[in-house]
Amino acid sequence: MLGLNKKDTSLLIIVAILTLLAPFILNPFPAGSAMAQFNAGYPDLMQRFVIFGIFAIGFNILFGLTGYLSFGHAAFLGVGSYSAVWMFKLLSYNVIPAIALSVVVAGLFSLLIGYVSLRRSGIYFSILTLAFAQMSFALAYSVLSNPKFNLTNGETGLQVYADDPQILQGANSPDLPHLFGLPMRSTYTLEVGAWSFDFNAGYYLCAVIMMAVFYLAIRIFRSPFGMMLRAVKSNQQRMNYTGLNSKPYTLAAFVISGMYAGLAGGLMAAMDPLAGAERMQWTASGEVVLMTILGGTGTLIGPVLGAGFIKYFENIFSKINDNVLHGWFSFLPDGMEDAMVFIVHPFIGKGWHLTLGILFMLVVIFLPGGLVEGGQRLLNWVRGRRSGADDKTAGKTEPAE
Amino acid sequence: MGILEVKDVGKRFGGLQALSDVNLSVKENTVHAIIGPNGAGKSTLLNCLVGKLIPDSGSVMFDGQSVLGRAPFEINQMGISRVFQTPEIFGDLTVMENMLIPIFAKRDGAFRMHAYETVANEKGIVEQAEQMLEEMNMADKRHMHAAALSRGDKRRLEIGMCLSQQPRLLLLDEPTAGMARADTNNTIDLLKQINEERDITITIIEHDMHVVFSLANRITVLAQGTPLVEDDPQNIRGNPKVREAYLGESA
Amino acid sequence: MDAFLLQILNGLDKGSAYALIALGLTLIFGTLGVVNFAHGALFMIGAFCAVTLQRILNLSYETVDETQTDFLGNPLKVKTPYVESWFGPEAGAAIIDWSVPLAVLFAIPIMLAVGYVMERGLIKHFYKRPHADQILVTFGLAIVLQEVIKYFFGANPIQTPPPEALRGSLDIGVMFGFDPNAIIYPIWRLVYFAFSAVIIGGIFAFLQFTTFGMVVRAGMADRETVGLLGINIDRRFTIMFGIAAAVAGLAGVMYGPLNPPNYHMGMDFLVLSFVVVVVGGMGSLPGAVLAGFLLGILESFASTTWATTTIPGINQIIIYLVAIIVLLTRPRGLMGRKGVMEE
C-alpha cells in the first residue's frame, strides 16, 4: 500500500490508529479518580507528543542514517516558530501560510548552517552545530531585538499585537490561530460515564501532519537516497571511491531534518502563537538527541516512541509532589514511608531533569539501541523461553536489525 | 599510448622525496604489477592515481584525460576502481546493499536525490546486483551484514563491487596481504578471469612474488620513489638491479 | 591607548577561565581521545567546592549573651563559628575571610578524586565506543552533576566574596605611567590571571620536564607506539584525567568572586571552551591557551559601549563568528596539527 512493503504498511497503520485514537488511549482513567494524574489525554500534552515526534523523526533522518550528530537542531525549531509568528503578524492567523513559511525558512537556514558545518565531520561537526545554535540563540535573545531592527522581541518573545498589520485577517475569522476558520484551540469533550475525552482541533492537525511526515520518513529510509545516507555512516572512504560524493548527500539529509525541525517549530507556534529564544537553547537540542536515542537511533518508530516517552514522563514527574508520594507509600510503616519519600524526592517535580540525565546515561551505556532494541531483546527472551523447551535451535535466528 | 600514462610525477612530504620522475605506461587489457621494497613509494603512487594525493609535479592521464586535481569520486566516475589493502566495504549494510550502491552510482552519478523511490522497485539494478553476487558465489549471503563476512568473502565482495561498475581500470593495493594460501590462489584466479573475460585493465601493487608472477604481463620495479626498470616478467626475474633492490628484504 | 589596554585587561579573566577549561579539554582529548562534555561541570563543581568550604567554615554554635538583649527584650543569641572558638576570634575570622583561596587546597583532593572516579567508573568504558556515544554519555553526566548541585545548593547564584584584602580596585595605570584613574582594575581579576598563569605554566613545565609528562606527550602523539614500549599508558592517562579535572575545578574555585557560582555556569563555559579548543586547534595545548586568551580579549573589546551601540549584542556572538571564520579559512584551527581528528 502507498508504495510500502507489508511490514512498513502495518507500521504506518498502527501509528495512524494510535495517533487518531490517542484521546481515548491516553485517558484510560476516569476523570475524578486517583489515577487520573496518569492521564495524558489533554490537548496541550497530546500536541507536544506529536510535535516533538515530528522533531525527532527529522533528527533521526540525519543522525540515525548518516551518523552526523548535530547539537544545534533546536535552532531550526526556533526559526520555524519565529517565522510562523511573523506570518500571523503580517498576514493572518491562518496556520497554513505560517507552517509553510516555517518549513521554508528553516530549510534555508539549515542549508546555510549545514553548508558550513559539514566542511568538517565527527566531533568537529557536533561542536560547530552547537556553536551555531548558541549563536542563533544569542542572536534571537538580544542581537536581533533592538529598537532599530526588532525581529525576535528578545526576552519577551515574539507575539501578535493588536496593531500588527494582519492584512489578510478577515473580519469574522477568529482572533487566534485557526485553519480556515476552525480555531486550533477548539476542543470537543466527550463524556462517557466517569470518563471524559478531549478531541482538539490543533492536535488532529498536528497528528495528520505527523502521519504524513512519518510516511515520508519511511519512503526516505527505503529509498536509494536513504541507502546512500547509511553508506555515509558506514564507510565514507568506500563511498568516495565508488564514485559518490558524500557531501551533497549529507547536506541534503541535514536540510531535510532542519525542515522537519522547522515544521515542528511552526506547529508549536500554531498551537500557541508565541516564539521565544529559549526554544533554541542547546539543552533543547540535547533533548531531541535524547528522544532519538532513547527511542532507538536509526529505527523508524524509535524517535516517535522516545519523544512520547520523554514528554509523558516529563509531565507526570513534574506533577508529582511529596503529598502524592506520601499517598503512594502510605501502606508502608511511618518511618519507611518517610524514607521512601526522602529517596524519591530528588527525582520528581523540579528534579525531572536529574531523572532525565540519569536515564540518558543508562540508555547510552546499557541500551545504545534504545527502547526498540530493548523491546526486541525482551521479545526474543520471551520467545526463547517459550520455544526453548521443544526447540533448541532458537539461537539460530537472524541477527536483529 | 597506454590507457594510463604517468609522466614525470614527483611528490614530496616535508623533507622526504617520496616520488621523483615516475614514468609509467599501462597498456590496455594488461595486468601491470608495480613492485618494490617497503618505502619505495608504491602506495604514494597509487594515491596519486586515485585523487587522494596531488603530485607536486608531472601529469597523470587516464584515457587521454588528466586526473590531477579531481576528487576520488570523479576519478571513479572516469572509470577507475580501487580495491584496498584491507577490504573497504559498507560493514553496517547487507551484502546485497553493498552491491547495489556501486550500481546506483554508475547509473545516477555522484549525487542524485532519489528519496521517494524505493530500492526494491529498481528492478534493473536489483537484477544486476543479484547477477554479480551469483558470479562472486555470494548469492546465499545476500542478507548478511557485510561486517560479518569472512575476510576472503569481504575481498570478493569488494572486487565484485568494483566490477559491477564495469571499470576500465582496476587498481589493487596488495589484495592478498594477510591471506591464507588457498584464498590467495582463489583471488589470483578471480583476477585472471576478470582480466581475460571482461577486458578490464588491472594495475596491482603487490609484495607477494608468487602473485606477481602468476598474474602480471608487465612489471614496473619501484625503488626509492623512482622506477628502476619496466619490463616483461621473465626479464625482471633475471635482472641484477632488481635483485639488488630487493636484497635487503628477501635475502 | 589606555582604553585599549583596559579592554585587554578586562578580557584576561574570562580568557583565563576559557584557557584553563580548554587546556583540560585538550589534555583529555589528546590523551584519552575522549570528548568530555562534562568538563564544564567540573569547573562548576570546583566553584561549589569554594561554596561548601565557606559554609563549613561558617558552621556556628549559638550561645546566649545575658548582658545584651534584642529588641524584644529577650537575651541575645550570639552565633560563633567553630573556627573562631578553635583558633581564637581573630585567626578564625581571617580563615573565614580567606575561604576562597583556602578552597584551592580543599578542592585539589576533591577534584582529583572526582576525576579519578569519573575516568575509572565511566569514561574508561567509552574509549572504544564512537565519539557520538562519548559525547552523549558525558552530556548526560553533565546534566546529572548540574542537577545534583542544583538540588543541594538551589538555583540562585551564591556569593563567594574574595578576602577583604583583595577586594576593591587598583589604579594600575599609574604604575605604567598613565594618568591616574585611567586604568582602574579590580584586584581579584589580577589575582585570577596570575593564578591561571601559574597553573598553565605548571602544566606545561610538568609535561615538558618530567618523565611522566614526556610519556604523556609521546602518548598524545602516538598512543600505539608508546603502548608497544611496555609503558602502562592507561594508568598515566587516568592520572592525566584527574589533573585535567583539577585544573578545571581550580579555575572554578577562583572564579567564584568574579561571578557568583550557579548550577548552570559549567554549561555556559563549556560551549565557549569547545569553541576555544576548535579555534586553537584540536589537540594543541598552546593553541588552547592562546585561543582562550585571544577570544576572551576579543569578547571584552566587543563589550565596549562603542561596539555594542554599533552592532547591538555583538559581544554575545563575537566568539562564534570568529570561530566560524577560523574554521572556514583554517579548518585545523590556529595551531592544530595535521591528522588530528580528520577523516
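Letters are used for the chains, namely A, B and C, taken in the order the chains are written, and counting of residues starts over at 1 for each.
As a convention for this text, a contact is a pair of C-beta atoms (placed from the backbone, for glycine too) under 8 Å apart; a residue touches a chain by one contact, two chains touch by 3 or more.
All figures in this text were calculated on a predicted structure; none of them were measured in a lab.
Ranked by separation of Cα centres from chain A, the top chain is B. Relative to the whole-protein C-alpha centroid, the nearest chain centroid is that of A.
For the pair chain A and chain C, the distance between C-alpha centroids works out to 35 Å.
With centres set at the average Cα position, the gap from chain B to chain C is 52 Å.
The distance from the centre of chain A to the centre of chain B, each centre being the mean of the chain's C-alpha atoms, comes to 46 Å.
Shared interface positions of chain A, i.e. residues touching 2 or more other chains, are given as 237. The set of chain B residues that touch two or more partner chains is empty. For chain C in complex with chain A, the touching residues are 35, 122, 125, 130-133, 135-137, 139-144, 146-148, 151, 267, 271, 274-275, 277-278, 282, 311-314, 316-317, 320-321, 323-324, 327-328, 331, 341, 343.
Contact residues of chain A toward chain B in the complex are 3-5, 219-220, 222-228, 230-231, 233-235, 237-245, 248-249, 252, 256, 398-399. For chain A in complex with chain C, the touching residues are 63, 67, 69, 71, 116, 119-124, 126-128, 130-132, 134-135, 138-139, 141-144, 146, 148, 236-237, 282-283, 286, 289, 293, 346, 351, 353-354, 356-361, 364-365, 368. Note for the complex: chain B touches chain A at residues 50, 71-74, 76-77, 81-82, 84, 88-93, 97, 100-102, 104-106, 108-122, 143, 145, 148, 161, 165.
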